[in-house]
Amino acid sequence: MLRYSLKRLAQSMVTLFIIITVVFLLLRLMPEEGYFGQAYEKLDEAQREAILTSMGLRDPIHIQLLKFYKSILSGDLGTSMIYRPKVPIAEILRAKIPYSLYFGLTAVLISLVAGVSLGIIMAKSKSKIWDKLGTGYIVFINAVPAAVYYLFIQLYVTDILKLPILFKPDNPSSWILPAISMSLGGTASYAMWMRRYMVDELNKDYVRLAKAKGLKSKAIMVRHVFRNAFVPMAQYLPSTLLYTISGSIYIESLYSIPGMGGLLVDVIQRQDNTVVQALVLIYSSIGIIGLFLGDILMALFDPRINLQKKGGAR
Amino acid sequence: MGNKKINQLADGITEELTEELFEFAEFDEEEAQRAGYSNYSYWRSTWQVFIQNRVALFCLILVSLLVVFTIIQPYLPNQKLPTKIYIDEKTNMQLRNHPPDSEFWFGTNSIGQDLWSRIWSGTRTSLFIGLVVAIWEAVAGIAIGSLWGYVRVLDRPITEIYNVLDNIPVTIVLILMTYILRPSLSTIIMAMCITGWLGMARFVRNLIVIIRDREYNLASRCLGTPTRRIITRNLLPYLVSVIMLRMALAIPAAIGYEVFLTYIGLGLPVSIPSLGNLINEGRALMMVPSLRYQLIFPAVVLSVITISFYVMGNAFADAADPRNHV
Amino acid sequence: MKRVLALALALIMVLAGCAGGSQKTEETSGELEQEYRTLYSGEVTTLNYLKTATTNEFALAANFVDTLIDYDKYGVIQPCLATEWNVSDDGLVWTLKLREGVKWVTHEGQEYAEVVAQDFVDAMMYILDSKNESSTANIVYSVIKNAEKFYNQEITDFTQVGVKALDKYTLEYTLEKPTPYFLSMLNYVCFFPVNGQFLNEMGERFGTDNTSLLYNGAYILETFEPQTRRILVANESYWDKENIHIKKISQTYNKEATTLAPELLLRGEIDYADISSSLIDEWMKDPVKKDMIRPNRTGFYSYFYAFNFDPKFSEEYEPDNWRIAVNNLNFRKSMFHALDRKAAMLTAEPYDPEKRISNTITPKNFVDLDGTDYTQLGSLAKFANTDSFDPKLALEYKGKALEELQGKAKFPIKVLMPYNTSVVDWANRVQVVEQQMENLLGTDYIDIIIEPKPPTGFLAEVRRAGNYAFLECNWGPDYADPETYTDPFYPGGTYNWPELAEGYKEANGKNKYTNMVDAAKAEVIDIANRYTLFAEAEAFFIDQAFVIPYAVGGGGYSASRLNPFESQYSPFGVSAERYKGQKIMEKPMNSEEFTAELQKWEKERAEALKAAK
Amino acid sequence: MEDKKVILSVKDLVVKFRLRGKILTAIREASLDLYEGESLAIVGESGSGKSVFTKTFMGLLDANGWVDSGSIMFEGQDLAKFKSEKDWLKIRGKNIAMVFQDPMTSLNPLKTIGKQVQEAVELHQGLRKQEAKEAVIEILKDVGISESERRYKQYPYEFSGGMRQRVVIAIAIACKPKILICDEPTTALDVTIQAQILNLLKRLKDKYNLTTIYITHDLGVVANVADRIAVMYAGDIIEIGTCEEVFYNPQHRYTWALLSSLPQLGIKGKPLHSIKGTPPNLFYDIKGDAFAPRNPKALKIDFIKKPPYFSVSPTHKAKTWLLDPRAPKAEPPESIAALRKQWRMIKND
């Protein structure tokens, strides 16, 4: 287990390194206005060049990269240029990460409980009414643009339930709808996959053997099928936090939640290159960490992995 | 033909078994085969299974009609231009927010453009994006996936590339690409294409790894069949179901991303009608009952397309899976 | 499975339960007197008022920091931090006496220092240091003596710059040349004070958040959470705190403010909402909602369609052909009279398009000459009072242009009209304009090509680069003088380079319009003459169809519990952004009340202006 | 033989499946008497319905299948009438246990094998915790797993195929069943291991006094373990008899064909016999003898009427019109003729 974890960790680090490099190089292609902010229009070509040079953006690319690695290693994400000029990005993020994390985790938790339950119910009543209702829900979530139903929920459900429209940190009732809205998509995908894996497992030989030895179907469900079906889900569990990104972009914008999703849209619209860069790195790192944790989690659940699974494509 | 005669005989007999029946019958080898699998054809069987799914069949017809309609719509009589602004005769001003009637079937938008033709024009744009991305996904995904899975030397490098791309969330890649390249139709398509092939390639690769060492492929290789031929003849047919499913899902996904990008301001310019733009414009009117039609019509069209492709894709995947054939 | 489901349900119930419980407490404690709640969608990037030139950003600073002079609700200059002032006879040296005992306080309301004359000098030193990249430095160095030289580091001794603290409470500005409108400039951010010691302490951090700022104005920024909320509370040690009626202002950030604000207002959760053009019809039909909305006052941003005399767009749009066409007066005039501005305005102002349409570049009510509005002076009056849209004339000029350009230019003339994709109104408008003008003038005559351009660096890429033929532009005033509206068209401007127009060159090598403006600028003593000269220049400019005046900014509808006529009134500077003096009304003002108030206000204003003379 | 007690009696069993809206008849009026303590082998091609047939004894049909008619009598109860899971729990494991074909997939990969055996022990022997664990270790030893205490904690992937099959057998044995159904227990295993497993099964059968049913398509296995053989084709048992009877004196054309295709019976210099055509599609109604279309020497009546059982001896019967007195004398192929010759010699001894 330890050896496997270390191997995976090393692998993740390599991937992370490559991603950081790729992202950094990609972002050199970003519009250069993004480095000046409001001053851009006031400056002439020579002044702009001077500033870019002073920022090190005219250095040879490998020098830039080295510098960049250095600052990343020392935990320095740079400073914002436009969004909040001169403010260290780390400081901007520090205030926002807790919100994103809170809503992301809550959403994952809700969708996990709701989605897995729904998936199990669907698998158990395959082709019957619950299955069809569940499928209807999954298709609906995937078909109707999130931008539309999120807004709908915000405007109408708040009215019906008499909940506040906007998020207020000190009013827990204003936390409910955003968290639930954010979990809708995850619920659908968990339900879909859980159903699929359950059905797969139910058709396996060991279930027949378990039946043949006289185990009750409830016991089979609990002791065998559920656990085995959950293993492939476990792998993706940590990284599903990431799938709340697009959800969080909508939700945070709609409910005035000061999280990172809203920030991303903001800095993109304002072309604050350094913050965009930092956010992309953070999200990518979360992605890698998520997959790493997922693999470790799966290894915990599935004894085969340590020995059999080689790295590579997941 | 021998059997035919016997059948006629059989109609006549009751309990009485005549001696005559205890003669040897002629042997018909074809008949022997037919008893097992009567004129089986993979595609016909796929099709038959598919059309048995009434909902899927309905969706197929619906989508076909929709696609055909979006293509021919501009050439139909009495169609309006999607970008033309209509002027109210009485006030000589734009026919703003005109509710649906016999003239403007879906009403007009806030500057007097015909929503009916805009929706179809938008559907064209969005379907085009979806289709290009889906085709790319299929072509690139299968090509890379096949090489990845089949050519052992390439396994490692492609795996690394895959890991890198897959580790950055798709949303982020999309945002980043449209950000760097600046919003336009080609940018959107390109951004989606960059990540689009990943899932398909992985799927294809995994399936190929599973089946490449099956006996019939070993046999082929022993017979000196070239790799390309083994991939196209032995492996790909097996993958058809998965490929169809993913392609069918790629179209609604691409449309979904387009809506998303439009929302965050990286979509198509508002002067180009697309479902993303129409929905985004309509969204602002959600709280205005009399104008809500401007949201509902495009949203319904979008949902119909997405749901249909979902249902169809799944039904087809089921139908194309050889294990579901009898 | 049932158990899991039950658990999930229970969880939701618990959540909903504590939700219901806490809501009650919210309601009882929510009865704060005179709290003004709004939603905003544009976050400020900085609070550093010495740097920014963005209304969005200095609107906040205007409430935190007082200026030397202020305007009352009729637009009459009032003493503020300066209690009295005088100007030398040559109009070059202004001496201001400061109010004593005004305090700088921190974000926690603690006293930090007194506001003294040196604070204004320190501020100027900061602005004129090019390293600080102040966006308003150019406005300072356009008037203050030696400021430009210092900025460009031609001189390094700041004492030579025309700003001095004569003593603790006496401030002296020395100007480059006599500037009759100098006093009005003192209301702008570049003449704000700053405590030098604090500024040094903060360094780069100055103005990045509420703690890195000192306050001497009506409000203190108690909470500053970017992209979340800001809370402004009345400054307890403010020198004029009797006039602060709104005790607390909470502004909540929401990207979807345009969509959500009306709904929040209806539910009583906020006190102000812009009612976008798409919602107006609906609100006007509903008697309850109708009673809540009123028109907004128009502003002083001037919008016009510019003909580009220096086309630098790509060959496919035939820039040379355009150059020939645009230099033909009759061609310009045909376009000038063909633009149906009302049709265009409907995209922004569907309910009352006339109200924003402007026939001059300088808007009405900007400045006046003894009660006569500037736009009614001299030849300008003729244009100010007629609608430029005239299909008959347009076709007439089209005929003439066709005749004159026969064989010289290729018809149809390609007219490249870009727009910023992020502005929905604009995208709609170009489509309207394209169709309307092409219909009127015929597609054999002009071919308007609308080109979507991303918001990123739009102005730099399109307008300043000359990458257009025909473009909707705007310009806002920097000070109270008609001169401010000539800046875009004066050589060195980056709007449409009218100095390159053919056939207007005069003996001195300059264009006729430039000479007219120069003459007006030179007149600094006789204001009546100065204004008339500017009016004539503007009239000439419009008559020769260098641009098509289109509209003024502002407008639209809103539902608000503030009385717009209580707010300080000034077309320029920061006074109009101040909450000082305003009260929250029981219910939002409706249109009838607005009209009545407006009439009353206009009458009172005329009197006030007269009294002030 | 005659005095042996019938433990399980199947009468005219019809099993149908619903598949994609069509109905398929998998078992067509099959009958079988199983004697206590015997070892019966059911032989047939893949898809002949042998697995389905035995699954009905335990109510393990897939959800889309059902017993249409007929009866399965076991200890005075008609299993064909069982509907609820509760009914079946009385039978499964406790009375009838099953060993499946593929040991690689029959075990839950995520549970230690000890736990998986223990489930059966706890369920059917009423033992708890430590006791149960000891019992499990005993059973594991019993099925020939050495170091069973260490093995108890291991996962299936740490076992070879043969060892896994031993575990599966251990699970079945742990239930203390009366009847043990072995569904192709050795098909997925190496030849060397096959023999070990078969020996194990034989040993266990004697030790626990089990009645066993082997399902197989491998006649080699049959010869080793079976007292009686039932030949299944297209959902029906077309011939049944003692091992010798079926091997040396086969009556049905299909049995002939099946035996002829055994390599052991091949005649030097002649190509190995193969049965032409494919088994019938069970979606269609089958008229007469199901094997007729593939039988080059079919009688006309074979296409019209299903043959009844004709007894060859008290223990041997077959469903073929060839045994009808009116039928012409059919010459069996060389290999079968040779077998018959041997048979006559055995009988005469």
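Which chain is which? They are A, B, C and D, in the order written, and residues in each are numbered from 1.
Simple rule for what comes next: contacts are C-beta pairs under 8 Å (C-beta built on N, C-alpha and C of every residue); 3 or more make two chains touch, one makes a residue touch a chain.
Given the structure is predicted, the values throughout are model-derived calculations rather than measurements.
Engineer: Report the most central chain, judged by the distance from each chain's C-alpha mean to the global C-alpha mean.
Structural biologist: A
Engineer: Out of A-B and B-D, which chain pair has the most contact pairs?
Structural biologist: Of the two interfaces, A-B and B-D, more C-beta pairs touch across A-B.
Engineer: Report, in whole Å, the distance between the mean C-alpha point of chain A and the mean C-alpha point of chain B.
Structural biologist: 27
Engineer: Measuring from the mean C-alpha position of chain B to the mean C-alpha position of chain D, what distance in angstrom results?
Structural biologist: Distance between chain centres, rounded to whole Å: 46 Å.
Engineer: How many angstrom lie between the centres of chain A and chain C, each centre taken as the mean Cα position?
Structural biologist: Chain A and chain C have C-alpha centres separated by 41 Å.
Engineer: Round to the nearest whole Å and give the separation of the Cα centres of chain B and chain C.
Structural biologist: The computed centroid separation for chain B versus chain C comes out at 51 Å.
Engineer: For chain D, write out the residues touching at least two other chains, lowest number first.
Structural biologist: Expected reply: no residues.
Engineer: Which chain A residues reach two or more other chains?
Structural biologist: Residues 31, 151, 155, 265, 269.
Engineer: Among the residues of chain C, which are close enough to touch at least two other chains?
Structural biologist: In chain C, the residues touching two or more other chains are 259, 263, 422, 455-456.
Engineer: Applying that definition of touch, give me each pair of chains that meets it.
Structural biologist: Per the contact definition above, the touching pairs are A-B, A-C, A-D, B-C, B-D.
Engineer: Report the residues of chain D in contact with chain B in the complex, numbered from low to high.
Structural biologist: So the residues of chain D in touch with chain B come to 19-22, 24, 276-281, 283-284, 292-305, 321, 324, 326-328.
Engineer: In the complex of these two chains, what residues of chain C are touching chain B?
Structural biologist: Contact set of chain C toward chain B: 258-259, 262-263, 276-279, 281-282, 285, 342-343, 346-347, 350, 419, 421-422, 424, 427-428, 430-432, 435-436, 450, 452, 454-456.
Engineer: List the residues on chain A that touch chain B in their complex, please.
Structural biologist: 15-16, 18-19, 22-23, 26-27, 29-31, 139-140, 142-148, 151-152, 155, 242-243, 245-246, 249-250, 264-265, 268-269, 276, 280, 283-284, 287-288, 291, 312-314
Engineer: How about chain B: which of its residues touch chain A in the complex?
Structural biologist: My answer: residues 148, 155-156, 159-160, 162-164, 166-169, 171-172, 175-176, 179-180, 182, 202, 205-206, 252, 256, 259-260, 263-266, 279-280, 283, 286-287, 295, 299, 302-303, 306-307, 310-311.
Engineer: Give the list of chain A residues in touch with chain D in this complex.
Structural biologist: 204-206, 208-217, 223-224, 227-228, 231, 301-304, 307-308
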